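Chains: A, B and C, in written order; residue numbering restarts at 1 for each.
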Amino acid sequence: MSTITRKLVPLILLLAFPAILRAQELKLPPGVEKLASKAKETVEVNMDGPMLHWASKFLSAEDPEERKAAKLVANLKGIYVRSYEFSDEGAYTAADVAAVRAQFRSPEWSRVVGVRSERDGDNVDIFFKLENEKMAGIVIISAEAKELTFVNIVGPLEVEQLADLGGEFGIPKLKTKPQSSKPMAKADKGEQK
Amino acid sequence: MTETNKNPNLLEDALRKALRPEEAPEGFALKVLARAQQQNSAAQEAQRTSWLSMFSQPFVRWAALAAVSICLVIGGVHYRNLQRQRAEGEAAKQQLMLALRIAGSKLQLAKEKVNEINTSRPEPQPQNRSPRSRS
Amino acid sequence: MPARPLADSAPDIASADFADLVRRYQSMVFSIAQHFLTETAAAEELAQDVFLQLHATLSTLKSEEHVKFWLRKVTAHRCIDYQRRRKLPQVSLDEAPEPMSPAQSSDPLVARRLQQFVASLPEKPRLIVILRYQEDMLPEDIATVLAMPVATVKSHLQRSLALLRDKVTRTMGEVTI
């Protein structure tokens, strides 16, 4: 199991504004919000459009990673992250995660990836929001044994832009064209759990 | 009655004679021209240093010092504001990069899980065909 | 000499003009100062200062007539300032010594005595007499130079002449001028 090594991060304070909450599409239930008190480390990022625009001014054009980030962020309307790392397993319940997943059952959202691993208990769901056949947002829900992460990226995100990030941040290059031969994981065919 | 009283113009004539222009002392013109030349040089030098001489006035010195101090304070405040903005911007940038890295890592995780599943599944076997009878 | 605008002069010609002006008017300026102060050294120093001031302001003067007027005016005012500053002794007209013998009009002593009598006049009347009889200026021109009303100039002139006449008569007796 690969986990994200958190070298940093005690609690990172927000650069948030109240308006952020309206732009954010992912609503965390109270049960999930309370996980912060149990977590050994918590990452919370709330960046709406203006804040993204302002922060992107400080991205260096000489750094390849930051240069691509600037390109991606240019059209985004918000980035919201909640990530909890726990000392022990079982700090959260499946019901907590299910409650969040249920928010994306609406027609505008499509679950493109749903992975359930019984071996190590890692579950990852990726939802795409489409508007006029274009990417308008992405939600990632990663539920691992000792780590729970929610990511919501809002904005007219082109799939190709997301693909560009692959390899820079460790984002896999998602195949936009259908692949022949190998069957997809059963969770891809609609919501299973 | 004097002659002057009989003829007032005589006094005036006498005055004209007495007050006739006299020759300037010898070398007067040369002395004037030499001093004029010195005056030119001094004027040029004074022009060069006039702005410095302004500071010989205590009031000007204090005013200049006050002006410089105010500029330093304003400049310092402005610099601190810029530094603070830069620090805040850097912090925001770090948050942005962190958020993107987290999102990227989770996508990477999803990819790995998909690959795991795909590689762990056995290859689908081709369907068995009924043997054809030889004719 | 016809009036020539000095403002048209190129800088190098202006320098030559200044030297030329000094040579042309040094006698006039020195004499006004000499007749007023009756001290040669003081008169020479004052006259030099006048020309140095001319040198500094030459570019502002438009013509030679303007220069002449300017020189007379500045010399007159400097004479008054100089005397007040230095507090040169002024011989009263009444205190001037009487000659031992009657003098003739052509006698240099008469001229010298008249100069002394003129020098004993108060400042403004003294200048008026000098400008009138040395420079042969009209009362109107003298009024302009000294910045005083014409009537005042004429009044000073009349009283000064009367004083001088009286002094000459009392001190020199019968003088055949």
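Heads up, the rule we're going with is that contacts are C-beta pairs under 8 Å (C-beta built on N, C-alpha and C of every residue); 3 or more make two chains touch, one makes a residue touch a chain.
Since the structure is predicted, the reported quantities are computational estimates derived from the model, not experimental observations.
S.K.: By the document's touch definition, which label belongs to this structure's chain graph: line, ring, star, complete, or other?
M.R.: If you draw each chain as a dot and join those that touch, you get an open line.
S.K.: By CA centroids, point me to the most central chain in this structure.
M.R.: B
S.K.: In whole angstrom, what separates the CA-based centres of chain A and chain B?
M.R.: Comparing mean C-alpha positions, chain B is 48 Å from chain A.
S.K.: Could you give the separation in Å between the centres of chain A and chain C, each centre being the mean of its C-alpha atoms?
M.R.: 105
S.K.: Take the average of all CA coordinates in chain B, do the same for chain C, and state the distance between these two points in whole angstrom.
M.R.: Chain B and chain C have C-alpha centres separated by 57 Å.
S.K.: Give me the residue numbers in chain A that touch at least two other chains, ranges are fine.
M.R.: none
S.K.: Give every residue of chain B touching chain A within the complex, in rising order.
M.R.: 86, 89-93, 95-114, 116-118, 121, 124
S.K.: Using the touch rule from the top, collect the residues of chain C that touch chain B in their complex.
M.R.: Residues of chain C touching chain B: 18-19, 22-23, 26-31, 34-35, 40, 44, 47-48, 51-52, 55-56, 105, 110-112, 114-115, 118, 129-130, 133-134, 136, 161, 164-165, 168-169, 173-177.
S.K.: Of all residues in chain B, which touch chain C in the complex?
M.R.: Per the touch definition, chain B meets chain C at residues 2-5, 8, 10-25, 28-29, 31-33, 35-36, 39, 43.
S.K.: Report the residues of chain A in contact with chain B in the complex, numbered from low to high.
M.R.: 2, 4, 8-9, 12, 15, 43, 45, 47, 51-52, 54-59, 65-66, 69, 72-73, 79-81, 83, 113, 115, 117, 122, 124, 126, 138, 140, 142, 149, 151, 153, 162, 165-166, 168-172, 174, 182-185
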